[in-house]
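The structure follows.
The first chain written gets the first letter, and so on, giving A, B, C, D and E; residue counts start at 1 in each chain.
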């Protein structure tokens, strides 16, 4: 039978809903002439396959890291890094919580830093104005990109966090946890808050002393005011695959459709200009990552796209 | 030529028995589902004596025996008719108002294949006591020793009462089962081919034991071995196809059977 | 099989070879070949174990280059993925042990009671209908059980004990126990039913009730089967993942208190496996070390179980 | 010998009977706990998932719109994976069981194999995934395919099949074996003509418990690379051209029901939870159907066999 | 009084047998692990005649019989010494060079409890042929019919050859097992208490059958029923504790035993 036209995608479950939406639309548009498959092995699992050359694209909730860059280099895999959407990490509390109107990054740090373990267990230990209520914490597992980003943004060092909180890979579990406990505080992707906004309350974050508190919303994320908790998510495209017309077509379709589809699955689309830049990258096959094997907090997508790529 | 049956009545078991009745079946019918296994059986069981049931395989010997402790109650579809009266109480043990558990506590049974429980020798013998809620250690110990002595096993096992019963030889296991049955002071003991799985020496010792036991209790024994019936029993019933063909003193039955069928059977023309 | 040994005393002009009774080479070869194949099948399980152990050992070696075995076994914190990494596997083992214990406290009594009931009390029809239905419990996707623990059981428990955290090992363990019931009940029921009737008759003939017979005679006689059932149950509990991952909180707590949240080895492994960690990182390697530990633990259990079964196997 | 005082005896028996009645109730309660949990779970899933249980749900591919999403690729994938699992675990497990029960001398090697089989039953499923990833996917080059997934699950349920097979073989009476030997059968003839066919009922029990376990597994299949979005079916096994049979599907990418379910439960949109519940119902019904088939087969086999 | 043994030799099986030897055990010793079960047994088996083995339970009858088709090879730890020579080949069937499977194809066995395979009647009888690789449908059919006729079962089952063997009655099942053994044209048939699980009518029909069969083959039978041995066999061996006490023409052994032990046993003084 005829040579199969197939685009293979794997990677982060955070990026999955976007990719799935694109894949579905793409297949419909092509009337099945090109097939797309999407898996959810996690960012790490995705890069592992990506650097073995098994897949054409991988979704990543964090930039590619040093070890993965090494692996790809060894295998001779080159790639194009494309941010596709924002994910705003949302700090949420139980709706019955009537004391927390907004929270500063410092307060968040006090709550989440490693030293808080076993020490900060009551709300009033963080801020005396808050009640003497047990503080129950919920967050993603230490294996996730979300965790890495949040710790870096709040505590100042990736992976530096207290350990005595309820962790789950399944954000719905966290949602359930926060709704069950008046003294709960948790963080996870914006989409989960958006879907559960009746059961949860998002807490506006004060980025730095003297600045106003900003609540997460598509607008505040897009205009860059929701800081430091909004982060881009990426797809990485194998440069060789990009030579295949079906992959090229798919990536173009991805970037073209992203603004609508990203919003449809409750993520925040990048500014229009960012997609333009990304499309240029694809056209020019601009290789490498803008990060250099470390994650970073607070980079704007535009700036990122301007950077020199490293492989 | 040797006369096969001449000298077997010199055995000690052959004094004529004149004791009172211990039990009696009256017009007993038994059905396994649709199969009519026992047909209108009326038979006495004398106290302090041994009553043997003989007959070809499948004639209903075991079925009859098992009516006496209501073993058939354990399986669905079995049906009794008629009665088995136990003396001196003069109650029909097949009556629905009678609790089979009570019956079994008074009438114990030794099976064809030795079936000791997978427990220690001591626990095996003490089992019946435990079931009756007797737990005082010293009482139990006395009873166990008594029963084991009664079963002529005490000397062989007294030093290893805590060993598993499964480690005993076949004959010892069977005697253990007898001890187990003795420990609960039964009034009537049922034996279903108790020696058919045993070697001759073990067989002899168990036969001797039965002769001793009958001083205290009534014994009903099923055997496919005519010699054994002749050797140990006082009364013998010959069953055939679920019916009693003949019941008589053992000596009489083996020397001058009333019925042609009995004669044919004991002379080996069938069976 | 011992070769027949012939002391050929008076072997008078016996035909030597080629007689009609001589062994047929073709048939013998075929038999050997088949036996070989079957042996390979049986040995494949050993091969699988070796493969698993090989992978676990080789992948966890880099970890043990950085973390001393002593730390691994004695540290009371398990934070391998944090900036301040600790590698105290005992934390996860405590979680595994606690959830397993809770699960077994449910599954073994309930499973055994069900087995006794089905084998000694229930009618044939009830047994034959209920058993396969009960076995379905083992087929419910564990994600469903996990949410059941989190959304139904925990709130129920909180009604009784209001201080219970929303995530705790108790409800995860309880639900896991229910899931394991069929493993325990089915296998032990089979074992109890295999106890020959004449043993039961022996007990009934002494005037014992069904219950006494079941507990005092049938269960001891079926000991080896019960042990196999329990071991299967323990193994399943130890290896269970999703229920704990969802309902127990995934907090590596060094505690044996079922009212607290904790993480277990298998839950940790699955979480990291599907997470965003680079697969070459030290953090990722910890799952192999954890897996190896788990495997060693179950191995000890199984050897113990094998020994117990051998020691107490009853011949009836 | 004096009969025990009847009144005391009666009291004792009454007490024993009371205990027995208490136990009967306890037994029923225990049974009910199990059954009610099952029933509760099932109805909860069924009620939640009911709106999605339409014909389209079975004939549509996954979609980002919950209402349009279906499980076509998932149930087909589950079916094919189970096929591979059954075809590999049953022969291998039965062969291993037969060896251990009918051939193996009772020595240390057998003891090791025996312990080992039990031990494998306790290995977390994800570890099988890691093993299979290295072994099947890369070493043997089967790729992230139906074949790899089926074999992985086969490894997972192998211990269950072996244990059940051994129990079933043990139930065949020795006189049947001797009868076959006495007619000049070789060991293999004895095994293949008699012992295995007669124990097929018990073996089936093990197979069913095993497949029930396998059909609900998620983690190991994700590790070896099952997909979540796949909007096409594997190559059909029957083709129009010669030789009419194709094994291409073994190498095809796939997804399975529990993965679809897993993915839907972790989606933020409430609507997907309904899909997950509906998929759970389908999964349970599939297992139930599989069990029913096996129970029926077992019944037919057992009816024929009387020792 | 009835003389138990007077008229049992009017049975048709009692012509003196003068046939050639079919097999012979020479100084046969057998060990179950450490247990010495057969002690230096030398016994002939005549062709076209029935040789009976009698003796108390556990004396080694079955053990001896099972040596003839190397059944003991199936279990570990068993050990043979001495030889069993099969004629006319004059081969020691216990020799290591001899294939037990070939032996079993020529010497078939009928067991105590009827043990048909849970397959159809036809398949049961045809099984021996299948094992020998005979698959031509018509040949198999002829053989099966022949064997069933030989076992006096054909008329009863010819219309239901595809029914399950388990549905037959006990006696029919045992005859089916005999037919199964006949179908492979054995030279010697071993019977291990073939009627002990059967009712008298079935027993009679099987005894008759054996008398017919001996026209064609040699028969070695174990029985615990002395009447049966007397009725059907030509030669009888009395075993006790693993030893042959006496071997003789059946008539002679039952009427004028040479040994005191034999006399004691057949007159029922032990057993």
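Criterion: contacts are C-beta pairs under 8 Å (C-beta built on N, C-alpha and C of every residue); 3 or more make two chains touch, one makes a residue touch a chain.
No experiment lies behind these values; they were computed from the predicted model shown.
S.K.: In terms of touching chains, how many steps apart are subunit C and subunit E, taking the shortest path?
M.R.: 1
S.K.: Between subunit A and subunit C, which partner chains are common?
M.R.: D
S.K.: In terms of C-beta pairs in contact, which two chains are most connected?
M.R.: By number of C-beta pairs in contact, the leading chain pair is C-D.
S.K.: Provide the C-alpha centroid distance between subunit B and subunit D, rounded to the nearest whole angstrom.
M.R.: That pair's centroid distance is 50 Å.
S.K.: As a quick test, compute the distance in whole Å between the mean CA positions of subunit A and subunit D.
M.R.: The mean C-alpha positions of subunit A and subunit D differ by 38 Å.
S.K.: Just the number, please: Cα centre separation of subunit C and subunit D in whole Å.
M.R.: 16
S.K.: Would you mind listing the residues of subunit A that make contact with two or more other chains?
M.R.: 13, 40-41, 45, 169-170, in rising order.
S.K.: Could you tell me which residues belong to subunit C and also touch two or more other chains?
M.R.: Within subunit C, the residues that touch at least two other chains are 27, 209, 212, 273-274.
S.K.: What positions in subunit E touch 2 or more of the other chains?
M.R.: 74, 76, 101-102
S.K.: For the complex, give me every residue of subunit E touching subunit C.
M.R.: 26-27, 70, 73-83, 86, 89-99, 101-103, 106
S.K.: Could you pull out which subunit B residues touch subunit C in their complex?
M.R.: 69, 71, 74, 76, 101-102, 104-105, 108-109, 111, 113, 115-119, 127-128, 130-132, 164, 166, 177, 180-181, 184
S.K.: Could you please specify the touching residues of subunit B with respect to subunit D in the complex?
M.R.: 89, 99, 101-102, 105-106, 131-133, 185-187, 216-217
S.K.: Provide the residue numbers of subunit C that touch subunit D in the complex, in ascending order.
M.R.: That would be residues 27, 30-31, 34-35, 37-39, 41-46, 48-49, 51-52, 55-56, 109-110, 113-114, 116-118, 121-122, 130, 132-145, 147-148, 152, 178, 181-182, 185-186, 190, 194, 209-212, 228, 231-232, 234-236, 238-242, 265-266, 269-270, 273-274, 288, 291, 294-295, 298-299, 301-303, 305-306 of subunit C.
S.K.: Any idea which subunit D residues touch subunit A in the complex?
M.R.: Subunit D residues touching subunit A: 62-64, 144, 222-223, 225-232, 253, 263, 265-270.
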